[in-house]
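These are the structures, in structure tokens.
What follows is subunit A paired twice: with subunit B in the first complex and subunit C in the second.
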Partner chain A sequence: MISLSARNVAVALTCVALILLPAFGSDFFVDFVATRTLMLGLAASTMVFLSAYGGMVSLAQWLIFGVAGFAVGNVVAESGRGLNLGWGPWTGVFIALVAATLLALLLGILSARSTGIYFLMLTLTYAVVGFFFFGQVTTFSGFGGITGIDPPGFFDDRPKRLYYAALVLSMLAYVGFRAIARTPFGLALQGVRDDPVRMSSLGFNVQLHRTLAFTLAGFVAGLAGVLNIWWNGQIDPTSISIGPTLDLLIIAVIGGISHLEGAWLGAFVFIGANIYLRDIPFLGSIEGLLEERLLAEERFNTVIGLLLLLIMLASPDGLAGIIARIEHGIRLAFRRSNPEGDGSSLRTNGQ
Partner chain B sequence: MTSNAAVTQIESHRSLLWLESVTVAFGGLLALSSVDLEVVEGDRLAVLGPNGAGKTTLFNAIAGDITPSEGKVLIKGVDCTALPSRLRPQLGVARTYQKTRLFPGLTVEDNLYLAQTGKQRRHLSLWRNAKDAELRAKAREAAGMVWLTDQLSAQVADLAHGQQRQLEIGIALVTEPDLIMLDEPASGLSKGERERLVELLEALPVDSTLILIEHDMEVALSVADRVVVMSDGEVVATGTPDEIRRNPLVHAIYLGEEAAS
Partner chain C sequence: MSGEASTDVADIKFGMLHLTPRSLRALRVIPTIMVGLIVAFAVLWILFLADRSWTVKTSAGAAIEEPGEFLVTLLDGLTFAGLLFVVASGFTLIFGLMRTVNMAHGAMFLLAAYVGIQLQQTMVGKSRNIESAEVSMFAWVVPLLVGATVVAVLGVVMQQLFLRWNQGQDLRQAIITIAVSVVLADQMLLQFGGLAKKMVWPGSVVHFFEILGQRYAFSRIFMLGIAIVVGIALWLWLNKTRMGMVIRAGVDDEEMVRALGINVAVVFGITFFVGSFLAGMGGAMGASFAGAAPGTDGQWLLNSLIVVIIGGLGSIKGAVAGSVLFGMVTAFSPAYLPSAYTFYSIIFTLGTLAIVLAVRPNGLFGRAE
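Let's turn to the complex of A and B:
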């Protein structure tokens, strides 16, 4: 049963605002800020899910996201690099999701025995291998990448329909991950996170739980990858290199890697910084000193690095952690002002 | 105890737990040396010994956290020497750990519910059903047994140490095991909490089979009806609590030769 907590009320109000956004937001904002935020948030939510509920910080999520994109590209594109199968877009979606899920299953089986820093490094290795695979195996891509990938005709009404697709999938992922956390599987996954040795002595197959959680997260990352390829229309190995792989981690950390909401919060800050910080007078005035693209990239990395540092100093649990603390403060104040009440109307659900 | 294989098989069927010449070596260190042990239904066995005697290694070998280098471990007549720890709850074995091992991110009720789902094979389900309601009811009942009813919704990380030790025992009990193994349940408890623990252990159903590792002799000897004393990986004395209290070898092990004499 869904409780009427402050957290749920805030999430519901945000969802309503997001549903209404295309009615009052500019096309630019909806397409370049909101849709990208939702897509990146969806991908980052898989990292947060694995970390918050399974204790696994995976750097392979961006690879799985990219594999779904490459699968769509190879299946749908009719000319250029790749397989050029020229099949329908929905067939591409199906194959992309199967490929992403099977890859996640395989990687999950390979890494389920590792924990902590070893798991992180192993998944980083997968990401690097994936980058070189698509760069060097020209049958599937090559460094030039695959271009001219069109979304299904249904999404021609851009940006609204693609935005709503990203919104619906984000909502489903958010609600789904939270619901899974309360199922026997989700509770067992949290038990594996807290104490795998004790879980094993209670009769649980710890590796199987980790593998299944990784597979589930891979499926959702695949969905985000499909949306991204529809939005972008092209994909190349550079887009799944170490830089973007770490960007996803930065998004999750900025937002708060222990809070599902943090995935989308972090994505919003990341995309917002990328788009709007160039308009700040001081930062804008140094434009032209170097080649514009390079300057923009370096300036962005510096700014997002400083932003990450500030947020980490203020709250190791990211932006969602700050919000959780504010909510906790309000709840305490509410209790003090109403000592008779139990404050249940403001009670938050644990992750 | 005989080492004849045929007799062992027959004897072991009557035993809940049967250890035959169990040896555990870590490189050159012999943590357990040819330990023989039998536990029958209803036994309340205390395993005593100084630090490094091999008590926890013995538990790990029984629970499957360590595979013995030599010897056999039979539970209910089933040779499970090399059986992984995760399959032993199916044979009715439950254990606690010397260092508290709980799920601090979950509530007390979730901990007690989760403990049952492994044995019930419900842990892969993505749906909640009537069986879960039943398991939740049992979780609440178990919380009552270890006096944690008023903490059901509390996050385990927020519990006091004594309450966490109570929950450790609750997790072992809620699986309705045939053999409960408690590894230093009184560790880190205050005098009052120890008395409460003894009360809790004495309140266990009379047919419960219990193996208890405990440094606190008062706790161990008041709960157990049989005692095994270990030293340097070997069983050096067995007997009733009174016999062990009078045993000069036990005094020597705990207090040193001079004090014992």
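Let's turn to the complex of A and C:
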């Protein structure tokens, strides 16, 4: 089942490195870089899953992520805005996941008939409506947001356990999404992506497949949202406004929207750029215009926007696509110098 | 592709639920009936049931008892629809011809607003507390046109540099315009700051008139008037000129137009100019109507999206219908909801979308791809 391709070896090695990371990484790196990368990567992986296997570029993933967070906040927090139910944190997790999954089911039903760019616009609309909903409906939050949300006591040894939770969930999601692609459901979903008319005439229910895939992705996005709320301890509508919604798309696109591992790769680049951009020795030493205009902390969006533009102009399948192409090129060169090489090396890492 | 997934052809089984193709077809009528019931209830509610003295306490009374309040709400909806139309028609024009979803449409709206505000301040010679009495019609129209032209040129530059050579890859183009909008939004924050600014209506349109016992701002009617003029001009341009004919032909069959020896690249450039110009006009009008601040760009991208999703992408008729429907929902839902629940009015926007899509997945005037 599992082939020993360069891709799988690289992913496995990365996983081993990540498992060992807390032993030698600083607490700051583990907490602020690695944990966040895994959380955002998990959220972005749902977008990549829908796009790569279902042909649906969904901008509603960040909304579902946020709704899980708001659900935890409303259930767990004891004072301040929201419902203040003050129930246990694990009850909060359960309710959050149910809420996220149900919302995904509802939005999936509403949008399963739309495809392509229409789907993107529709889900963006849901995302922004969700932002205004939590902003205006003071029953659940209001613009001030919910603060003081404590994770379960289990995670008190921060950052290690929360990091491992994010790592385990990320690995499960990665393996799970790739495994689903090989099930009859996953194969049918990819058929729906490639040719909905033919699949429909073969007797597959196109909309049902799309809706179920969207619901599954919503559940995983909900998991990421729960992790995020434990990490953050607070949530407000601004964090699910159009900017962060697009940030998730940017993460997925930078990493490579047709490669699952691209989600985490993109998240790492995004967060790394956010934290370390000014520390790069060469860039930091450029005085004057560039320093002031581009590299001041608050100009991060300009940099990330330009990076996105560059990647879209150069390679629409992002960094993972660039890596795949380099790997392919090396293999071709290797094969040319070594004609007896087996034919399987020609296979690119398509799904 | 063997196994469970292909065993039940066209039938759906969910435990006890067993749907045959015939019953599935019967199910399709349900959305239409539901929509009919919902609309009927809304009309009934507005006409007779809404009441301030009753337990529900809406902010406007029932339409038959308070025709003035009803008319004001109607005018609010119509005038807002006018602004929506100006912005969304640019969006839909570009999409209709080029299949390009310009996600930077909101950023262009905001940029034109800022340019207009800046220029108006220079023309009046004051940077704050401008009274509308100090603003002549000239000092309003010129900033509007200049702001719109600036973003129109920017739109053409963007199209020529980034979009021209990957025509047809709609998702890639959408993400490229997202990148442009992210950079633009950030640079505008740097340039114009984070505080809300406002363009000032010219003094000659700032007065109130009486209608059925209610006072109403003339500036809103003025805005609707501009929108109607824009709409008529667009209609004339698209239906009565050679260029318009080429554009309409291009919407239907771009290959054929190209084969007939028409330089489609020029037509694309012009369409992008006009589409962005409309976003810019909307920006200056919106800045006079509700002000401009960081975030306004996202909001107007959303407004454009809602209008075209309701009305159908690429259709000017659809933009009119979508604007009117969305404008009405935004005006009526807060006025006729029980006042303790006014903040739920945002749900009605989503509800409208859901209802329209349930009945017509491609929007009211949209065509299936």
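By our rule, the second predicted complex is superposed on the first by the 323 of 351 C-alpha atoms of A that agree within 3 Å, B and C clash if a C-alpha of one lies under 4 Å from a C-alpha of the other, contacts with A are read in each partner's own complex, and residues count from 1 in each chain.
Just so it is clear, a contact is a pair of C-beta atoms (placed from the backbone, for glycine too) under 8 Å apart; a residue touches a chain by one contact, two chains touch by 3 or more.
Because the structure is predicted, anything quoted here is derived from the model rather than measured.
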Taking the superposition as given, does A:Y126 touch the first partner, subunit B, the second, subunit C, both, or neither? second
Is A:L187 touching the first partner subunit B, the second partner subunit C, both, or neither of them? both
Quick check on the superposed pair: does A:I240 touch subunit B, subunit C, both, or neither? Answer first, second, both or neither. neither
After the superposition on A, what does A:Y118 contact: first (subunit B), second (subunit C), both or neither? second
Would you sort A:N205 into first (subunit B), second (subunit C), both or neither based on which partner it touches? both
Using the superposition on chain A described above, determine whether A:I250 touches subunit B (first), subunit C (second), both, or neither. second
Most subunit A residues touched (candidates subunit B, subunit C): C
Per the contact definition in the header, classify A:A43: touching subunit B only (first), subunit C only (second), both, or neither. neither
Which of subunit B and subunit C A:M312 touches, first, second, both or neither: second
Which subunit A residues are contacted by subunit C in one complex and by subunit B in the other? 184-185, 187-188, 191, 202-205, 208
Please output the residues of subunit A touching subunit C within their complex, sorted ascending. 57, 110-111, 113-118, 120-122, 124-126, 128-129, 132-133, 136-138, 184-185, 187-188, 191, 202-205, 208, 241-243, 246, 249-250, 253, 293, 298-299, 301-302, 304-306, 308-309, 312-313, 316
What residues of subunit B sit close enough to touch subunit A in their complex? 63-65, 84-90, 94-95, 97, 101-107, 110, 113-115, 117-119, 122-128, 132, 155, 171, 175
The residues of subunit A that touch subunit B in their complex are 180, 182-185, 187-188, 190-191, 193-195, 197-206, 208-209, 212, 350-351
As the complex stands, subunit C meets subunit A at residues 1-6, 8-10, 12, 99, 101, 162, 169-172, 174-176, 178-183, 185-187, 189-190, 295, 298-299, 301-302, 305-306, 308-309, 313, 343-347, 349-350, 353-354, 357-358, 361-362, 369
